[in-house]
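In what follows, a structure is listed as structure tokens, so that the remarks can point back to it.
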Amino acid sequence: MSRPDDRAPDQLRPVSLTRNWTTHPEGSVLVEFGQTRVLCTASVTEGVPRWRKGSGLGWLTAEYSMLPRATTTRNDRESVRGKVGGRTHEISRLIGRSLRTCLDLKALGENSIVIDCDVLQADGGTRTAAITGAFVAVADAVHWIAAQKKLAGRPEQVLHRSVAAVSVGVIGGQPRLDLCYEEDVVADVDMNVVCTGTGDFVEVQGTGEQDVFDRAQLNALLDLGVAGCAELAKIQQLALSA
Amino acid sequence: MSRPDDRAPDQLRPVSLTRNWTTHPEGSVLVEFGQTRVLCTASVTEGVPRWRKGSGLGWLTAEYSMLPRATTTRNDRESVRGKVGGRTHEISRLIGRSLRTCLDLKALGENSIVIDCDVLQADGGTRTAAITGAFVAVADAVHWIAAQKKLAGRPEQVLHRSVAAVSVGVIGGQPRLDLCYEEDVVADVDMNVVCTGTGDFVEVQGTGEQDVFDRAQLNALLDLGVAGCAELAKIQQLALSA
Amino acid sequence: MSRPDDRAPDQLRPVSLTRNWTTHPEGSVLVEFGQTRVLCTASVTEGVPRWRKGSGLGWLTAEYSMLPRATTTRNDRESVRGKVGGRTHEISRLIGRSLRTCLDLKALGENSIVIDCDVLQADGGTRTAAITGAFVAVADAVHWIAAQKKLAGRPEQVLHRSVAAVSVGVIGGQPRLDLCYEEDVVADVDMNVVCTGTGDFVEVQGTGEQDVFDRAQLNALLDLGVAGCAELAKIQQLALSA
Amino acid sequence: MSRPDDRAPDQLRPVSLTRNWTTHPEGSVLVEFGQTRVLCTASVTEGVPRWRKGSGLGWLTAEYSMLPRATTTRNDRESVRGKVGGRTHEISRLIGRSLRTCLDLKALGENSIVIDCDVLQADGGTRTAAITGAFVAVADAVHWIAAQKKLAGRPEQVLHRSVAAVSVGVIGGQPRLDLCYEEDVVADVDMNVVCTGTGDFVEVQGTGEQDVFDRAQLNALLDLGVAGCAELAKIQQLALSA
Amino acid sequence: MSRPDDRAPDQLRPVSLTRNWTTHPEGSVLVEFGQTRVLCTASVTEGVPRWRKGSGLGWLTAEYSMLPRATTTRNDRESVRGKVGGRTHEISRLIGRSLRTCLDLKALGENSIVIDCDVLQADGGTRTAAITGAFVAVADAVHWIAAQKKLAGRPEQVLHRSVAAVSVGVIGGQPRLDLCYEEDVVADVDMNVVCTGTGDFVEVQGTGEQDVFDRAQLNALLDLGVAGCAELAKIQQLALSA
Amino acid sequence: MSRPDDRAPDQLRPVSLTRNWTTHPEGSVLVEFGQTRVLCTASVTEGVPRWRKGSGLGWLTAEYSMLPRATTTRNDRESVRGKVGGRTHEISRLIGRSLRTCLDLKALGENSIVIDCDVLQADGGTRTAAITGAFVAVADAVHWIAAQKKLAGRPEQVLHRSVAAVSVGVIGGQPRLDLCYEEDVVADVDMNVVCTGTGDFVEVQGTGEQDVFDRAQLNALLDLGVAGCAELAKIQQLALSA
């Protein structure tokens, strides 16, 4: 049983991280996982929301969105419908949580970072690509703050962990890494694994909408996910040292 | 290091499931996990949404909400703010997904079930209590449909699996089952485990907002969660056979 | 012509007021008028809205809502529809007005009370049950503020009047007290009477959607309503002295 | 104690009803109660809402609104705020209910009438002026439908009752008819009385936001209101026979 | 080819400007272009929005709206639909821009003017009538501020230009001034011309939804529009000197 | 007085049109006017909106939006604010109108095209770039429909005109073509010119927010705009023949 693009079950799609893809944001990264393309920007503002003022701590939030025709058929704009949908909310919260876990908000000082992840083209794994790309955009933004002499600590203190994410799933009984859309829709089990560069877990979300799964399957998926995140961490490293 | 209510680390809070707590719905269950109290109702309508008509399959959705003063301080109503928040969306989707995995929608036939989980009092674990109580409400609703002779299959076909859920977390290095609010806010890692009555996984969501976690911790939490769900499955069984 | 539950025309349904039904709010009362069940909570915050600051006067507002399946068929949530409906608005305003008339806002001092009346089960008279229960919740909240030494006056000054409410209506030419749902839908005339404990009127709202009514009918309904409120005032008294 | 405009306590302000004030609507009446000016239009469409189809019954709804600067200071538009306020909802519902009570919806046949009451200038009593003017607009609309040969019955069957409304209130202990704004804001008790042309009640709403009121005061207010509505009914008659 | 009301191609409809049409606003003008009737009010508040504080400059915004039955068939209210439509937004912005261009905001000082243009009856050219009427309302408001001794400069400094607007269009190849609705819907090209009293352009918007247009047609339309605005400027002058 | 990028006053920025920039849409064009980058997609669906069914005519609408950080500082998402802003509405309507004028909707047959113009990076002229790019996306979509044998006429009938747009403005008295952001914010007069490939006007919008303008300036701007559109038409031609 081969994959649509003939990858090995434990193989990532070609991953690319293009820094400074747009010029205005303090961090701007185009991340590609195969045909999935997400523009991740990090916008910095001095100061923090009112409820956090005087705490000495920074803040980070994230917003995820899809262009209406990022997908095979067109989706109505959430701005036109007048509300943000459940899936969008859920993914935005996941991205924000994952990135916050990996920043030292005290070393960031009272600065705010807003991450925007806009999916230009979707082919499965948009949320994991978004997390992976957003980390690089945040790293660029942190260095930008440092260059402005506004950082409370040193950049490497703020960025004390890296974070990357990948999807894994079971298709026809076979655990696979980094599902494309065609695989995603037929997966019995679907899991997103978010790991630090040192292999610890930040978030694990496994769902069996088509079927339930047992401990052995769960373990196989975790193994795949951890390995995939380790590869992505290296690619992030490379991109940041370029 | 003892728990606020002196429970053992692997001990559930007192759980109670009161069927027919209100009289109008086809299924109506008040579920209590200690001080957490959620009213779960299942509302049946004949037919399915337009996009599903003629498929022969039933449908189920869920909506979760909190009364404004279910919590220690008052939250503004989402109806007054004019939009459903991200947390509410996320939990509603989790409840719906979990319940759908455990129903045979073909045996349900073209009937729709809407689950409403309204938190009357919150003390941690509201989403897991909601799933656990909602399953019992759905079971009552399925039998109600059967009594109306509108079920495509037999009730035990529709309800081919049971589902229950529990939260687990790491506090001060110690894995614990069924966190109350006081524990929840200080947990380093927080996980929700949704299992079938036969111990398979339906959904696993682990989050390390305060800290990351390693594979050993993840395994300990999964063990606790699976055992907790098994106990809850028995309590559901008992309630349904009363 | 007998009533669905064989009551006399001037007889209330069994009324019950359970204080401290939930533990978080400063006042929390479950009120039951027969099968109608409303949770009334009073939430206290120090200070008043901006436009009232420095006035020395307190403030009170109320919000009424129904759980989606409090009724015989399910109603969509107002949070999901994105707006509060006209009926909800109208009842929330009535409850707030009625309670404010009965508080000495100067003796309350610059404290705010938000009343939430959530209908758990509806069988007619939900707004009048809400007012009746909310008064007791407010009384508990006022005593709570006093215990915090934050009250400008004494509790009995703040609570210088009690307030209760009941519905009355004409069914088949016969004036009746405290209509249940089955009576409500067939009533020619429907009136809500809100009285103080000393028998004065706070609000009178009579509507003839099915038919018009003459002065004699209006007088008969007022007589019934005043008597009903007097009984409810005694039940409130009893509950508060328990 | 004299009134701001030296009227007797039981005296209406100058009332004027101008038919065909605008040309597009099937009924269009500018009603003036002193400085209060409301444009009441009645829009007819063939057919009824889906839930009423095949019933043989007509339908009528009403929407009330104020221009932003109808009042002494400017109010934000509800369209800009994105929601209809509680007061607007409440008045729209009152107008619709009052008019429906006075139409024979069977004789109307499956036609729909939408009433729009837009306050061009406000000086107290806008809702009662709106009801009084809207009746005349509806009468014109009913005759328009008759002229199109689309009425199920005869116009005088449809319009089997007339309806008018007036506000009354207690200021400094004195009951007064038809309060202007200056009186309205200082009234202890405020009541709206809606009567048929034959003196029956359609709706009675008395509110004591500043103070409570006793039965004697209530009776005095009802007497004033009934007399005021009788005068208004004559003015309506005159306008319609012009 | 004659016009519906037998006007010459370069002839305006009868124009009327009634000042102080309502009494509350600082400026209140009913403008009529034939059957088109728009109430333009100018509301003054001391101070400016937060982002402009301390600049020494005043501010002006405008909101345009139509009553639901200003038109031949009824339009739903934007308040009920919960959002302002694109056409409304576009016209509101045009009115605000046109008026701001003609005020010296420095001479106005830190005062804010809100213009409301509510269409009571629509027969083509509502936006151009609104601009023409609003200028007169603004002039009255500026004099009102001066009378309060709150103006930074002299009124004639603030009102250093007058502004008026008119629609022009091509119907059946013929350029015409001030289209009524019947002409507007069949126009191949539709243009709105906004000019100062000295004949300069403030805004030119030409649209060919039915057909495209060439430079000669554009020039003919501009000639007509400039001449029309000059006439309107005289009528404004006259109204203001009355 | 030289331009920020040293262009001649009548010189366009480097323009690029990349077809098939994303793979899902029936037409997908990345248009660049210097640093301004807009993704224009055309989505085809069979059939037309209900109100147009059976007319034999096709339909086209457009939606414009900016990514939150397309600009120098971040703008809140319209989906999060729950409403589409006035500027967005205005531009969406302009794009839709311009494209519709250039299609033969009868030859299109009952097919619908939705254009989405999402600004990835903004540097002035986003709306004119969007129109220019959208035409190419629509052309690709029309050929796609033809390939599906669903077009009523031939592609060249549907696309009977081409359309392009460019901004022009007066800076320091000098008329300039294709303003970048730095020029746009200081322009006294700002005009958008939309022309067909044969040099006719589709839309002309000139605004003098900073200052008014006379006929000579208007003529100079029109000359520049027409010439700019002619160049753009050639670039479109080239892109489509590639």
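Order as written gives the chain letters A, B, C, D, E and F; numbering starts at 1 within each chain.
Note that in this section contacts are C-beta pairs under 8 Å (C-beta built on N, C-alpha and C of every residue); 3 or more make two chains touch, one makes a residue touch a chain.
What you are looking at is a predicted structure, and each value in this text was computed from that prediction instead of being measured.
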Common touching chains of chain B and chain A: none
Smallest number of contact steps required from chain B to reach chain D: 2
Maximum centroid distance from chain E, chain identifier (CA atoms): B
CA centroid of chain B to CA centroid of chain E, Å: 59
Averaged-CA centre spacing for the pair chain F and chain B, given as whole angstrom: 50
Residues of chain F whose C-beta touches two or more other chains: 82-84
Contact graph of the chains (line, ring, star, complete, other): ring
Of chain A, residues touching chain B in the complex: 83-87, 89-90, 92-93, 97, 100-101, 161, 191, 196, 200-215, 218, 222, 226
Chain E residues touching chain D - in the complex, by the definition given at the top: 22-25, 28, 35, 37, 39, 41, 43, 45, 63, 65, 67-74, 77-80, 82-84, 88, 114, 116, 118, 120-121
